[in-house]
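We just call them A, B, C and D in the order they show up, numbering each chain from 1.
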Amino acid sequence: MKKIINKPENLVDEMCSGFFAAHSDSICLDYENRIILRKNKNKEKVSLISGGGSGHEPSHSGFVGYGMLDAAVCGDVFASPSIMQIYNSIKQVENKNGVLLIVKNYSGDVMNFDGGAELAREEGIDVETVYVDDDVAVEGSLYTVGRRGVAGTIFVHKIAGALAEKGADLIAIKKIAEKTVKNVKTIGFALSSCTNPNSGNPIFNLEENQMEFGVGIHGEPGITREKAECSEEMASRLMAKINENIRLESGDEVAVLVNGLGGTPLQELYVFNNDVTKMLNKLNVKICKNFVGDYMTSLDMFGLSLSILKLDEELKDLLFSDAYTPALKMISTINY
Amino acid sequence: MENINIEDIKKIMCIISDIISENEKKLSELDGVIGDGDFGYTISKGFKAIKDKINKNDEDDTSKLMKSFGMIMMKNCGGASGPLWGTGFINVSDFTQGKEVFNLKDISGMIGSFIQGVKKIGKADLGDKTFLDALIPAYNSMKNDVEQGEVNIVRSINKASKEAEIGAEKTKEMVAKKGRATYLGDRSLGHVDAGAYAIALLFKEITDKLPSEN
Amino acid sequence: MKKIINKPENLVDEMCSGFFAAHSDSICLDYENRIILRKNKNKEKVSLISGGGSGHEPSHSGFVGYGMLDAAVCGDVFASPSIMQIYNSIKQVENKNGVLLIVKNYSGDVMNFDGGAELAREEGIDVETVYVDDDVAVEGSLYTVGRRGVAGTIFVHKIAGALAEKGADLIAIKKIAEKTVKNVKTIGFALSSCTNPNSGNPIFNLEENQMEFGVGIHGEPGITREKAECSEEMASRLMAKINENIRLESGDEVAVLVNGLGGTPLQELYVFNNDVTKMLNKLNVKICKNFVGDYMTSLDMFGLSLSILKLDEELKDLLFSDAYTPALKMISTINY
Amino acid sequence: MENINIEDIKKIMCIISDIISENEKKLSELDGVIGDGDFGYTISKGFKAIKDKINKNDEDDTSKLMKSFGMIMMKNCGGASGPLWGTGFINVSDFTQGKEVFNLKDISGMIGSFIQGVKKIGKADLGDKTFLDALIPAYNSMKNDVEQGEVNIVRSINKASKEAEIGAEKTKEMVAKKGRATYLGDRSLGHVDAGAYAIALLFKEITDKLPSEN
């Protein structure tokens, strides 16, 4: 198995410890509950929690810090954290201003976060939840659980986190989070499966020159299996699918996230970013910012996802507000 | 065997735990086909903790024991399985309150309340391609046995096990309406649901492992 | 071929354009010469240039900005930039304070950077060069070109860049760069080769469960081919090899860089970081900072390198000085 | 053929450019074994630009043409090859200053000055497992021919080509002392140097493609 790990059953604990070792200047670790917490708590603001199965690093631990999350809860690989983990995370960050949970829309995640929230509410804690479902790959008459939450979640962390930092109340933050969810669409593709650390096997198998279009971030197979095409062609296919759902018009302003799935070199993400940028320029859509890198991965999967977030003045302002986390740092206040 | 008590329940739960541990890889593999490949790991992690709890031997009230199983699932297991099985056990705990000896009717009632718990949180029903598609037919078979006056537990489970197997097999013809396999749409056709397979397996192996007298 | 690119011959140009599209707030691009330049030039300081073959992203472009480099020059994949590219980059950043070239020690890079420097010197520009040779894999009586420069180069960018930002003169900066080189040692291993974008083939082939110990960042084979071991065992082997060269003692202070080679998930880098941290703790060596992520990659290679930089007060101070570049941001002056 | 002029040189350089382009993949492959797999790409990029320059047909002075080749290599080719071949051509440019017609002695002198340029910047010599291990023996053979009174260019190149081949073959027995293969230590043994292979190939194919009269 092509993995740099020790015993698979210790993987998440060791990862959390290794993360803590690297970022102990800005985060704390509740090892028992696998919760990454912001060190310099701002007690005067609504607290934001996200989390999910592990295997999506730097999500979500990497986004704990100023201007984004107050806590990230780590489940086993590809399994949502448990009800008690969520409950404990809420207990640890609540400060009378209320708590917002940012949950990727998967049955497992929803049940666990809802369960944890319920337990906290029984103790009088004000908890709200926003469900992220930005993946436009999944759809059709058959879907009964809604769309999946994928890389667009990072924008929700960023924007809701910025508003929280400004001191807004829970309802306002929930509202802006939901607006962000509404405005962001994502779709991805993979040229290889990821390797499950427990079994050591790929979750699906792709022939040379095949790609899985619309792949999920847990190795769930995508919409279709097709011949792999060049970056430009892939950019145009992903854009087309997103555009079906978000209708970009000349003059629109957007943020772009070219997200690597874990095994993709930065080099190729930049090549793809170039193709997407050219395409949006042609549509006369203004890109206010391109994020390029690994934000929401799927273990060692080779592939990428494209997210487009439609911006208005409010979202833009929050997107460009300062953030200082292990995986995303944006400082506008110093003029370097 | 017409009655069981908490000690029997503990034994049975240990057997279940072992069956799941032994089949962990297989269950994850099945989940990998139309899901995300973690079901075996998640569920066996939970049942290992349940076995640890039993081995501590610090609980002699069945309802409290069931509640602790529920909490264990909700603490140790995330994914879909933690809340589903956790809520199932919590419901069983409510059902068994005050009871000490369990006949076939009680046992079928326990399974029924487990199902209720699962439905409450998961909102799935027969035909949605989940483990309920194996568990509900098995439960119905046992409930039917009780209505027919059957009292032999092993014989009834044996019969139920056939229904569980048929139910699991039928999930192959279903398009998933709940759980991660829904994202596949029609592509979930032709593949068994991992949870349903697990239920069928449990019933089958328990039948083999329980003392067969009649 | 498992690559998200267009025509291989356009790869570097498109990557540069995609990089520029993502970071045009802070960098400029000389497309013709493939030079990434700092946008807000500080004309009152010595200029720092680095570069090399492409395929090592985010190196070196990602480190152009406040507190690090003024320019990065991009060669073809795994081929040093040419003499004229180097010459042009010097011309573009020189400002009468002199220019320091930070060069990884490969014959090709050395010849081209020296050639470019020579042309610039003929025009009266003050150019100095530091050669980085941190890779302890290569050694023995046979080596006649010296050791290779690998991930430790990032520390040179960081520390020399910080001193430059403080206004020191060229000689002082060269001196600190050389001290950094002396104090940093690196070694890596790979569980897979990288894939050459021109041929579409892996540069070497590894069997399942084999690893290349001491691998280079251009897919050059390593010291030995061995059975792949768990993270802990690998950490101890890399540490041993580094320790042969740097002799860590109780009470020493170091910085650690756990560097992904391009195809390695962050999750595993953190697991490995945990093992390294435990090991150094046991030696009673104080880790002042762990850097964990992709800093100096080798296309899509699956593997990592470990760098240890021995610190003194001077190096520590410079290491922790502010930097604000696309790939490394460290801000101590804001207290988040 | 006893004399050539700038037009012949241009033709020969175009032939060289084509040979290298056709063998790009092979040359990169060889570099991949004990180097980093980019030699074919780098060198053919340079020679394509040289061919473009010739096709522009804007230079009728051999020395200036050679200088432009050197500049092209130093602009378009990085890696080790750019500076080595670039400095080589610059040295040839110095050598050919003022010359218009080239006999065998001049040609061997051009190669000699090319070698000098390469040595100046690369500090390698015979036995270091570089392309000099093919080029120097070929040059020596031609120099020797000149001393022996040979005047036929094609015949001499033909002969030199054998030496180049032997030289290239010998690199297999060498442990690299220059270039990227040095990092391998003894593991470079048994493999031909990509640059030496390219030189042998060029001599061989040019021999085949030049009008063979004697």
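Keep this in mind: a residue touches a chain if its C-beta (ideal position, glycine included) is under 8 Å from a C-beta of that chain, and two chains touch if they have at least 3 such contacts.
Computed from a predicted structure; not experimentally measured.
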Rounded Å distance, subunit B centre to subunit D centre (Cα mean): 76
Subunit B-subunit C separation of Cα centroids, rounded to whole Å: 54
Mean-CA-position distance for subunit B and subunit A (Å): 33
Touch-based graph of the chains, sorted into line, ring, star, complete or other: line
Contact pairs between chains, per stated definition: A-B, A-C, C-D
In the complex with subunit A, residue positions of subunit B that touch it: 25, 28-29, 32, 34-38, 40-42, 45, 71, 74-84, 86-87, 121-122, 175, 177-180, 182-187
Touching residues (chain side subunit A, partner subunit C) in the complex: 1-7, 11, 14-19, 21-22, 26, 40, 54-55, 57-58, 62, 65-67, 191-192, 208-209, 228, 230-232, 234, 258, 262-275, 277, 287, 290-292, 294, 297, 299-300, 302-304, 322, 324, 329, 331, 333-336
Subunit B contact footprint on subunit A (complex, rising order): 53, 75-85, 106-108, 111-112, 115, 137-138, 140, 142-145, 148, 196, 198-199, 201, 203-204, 216, 218-221
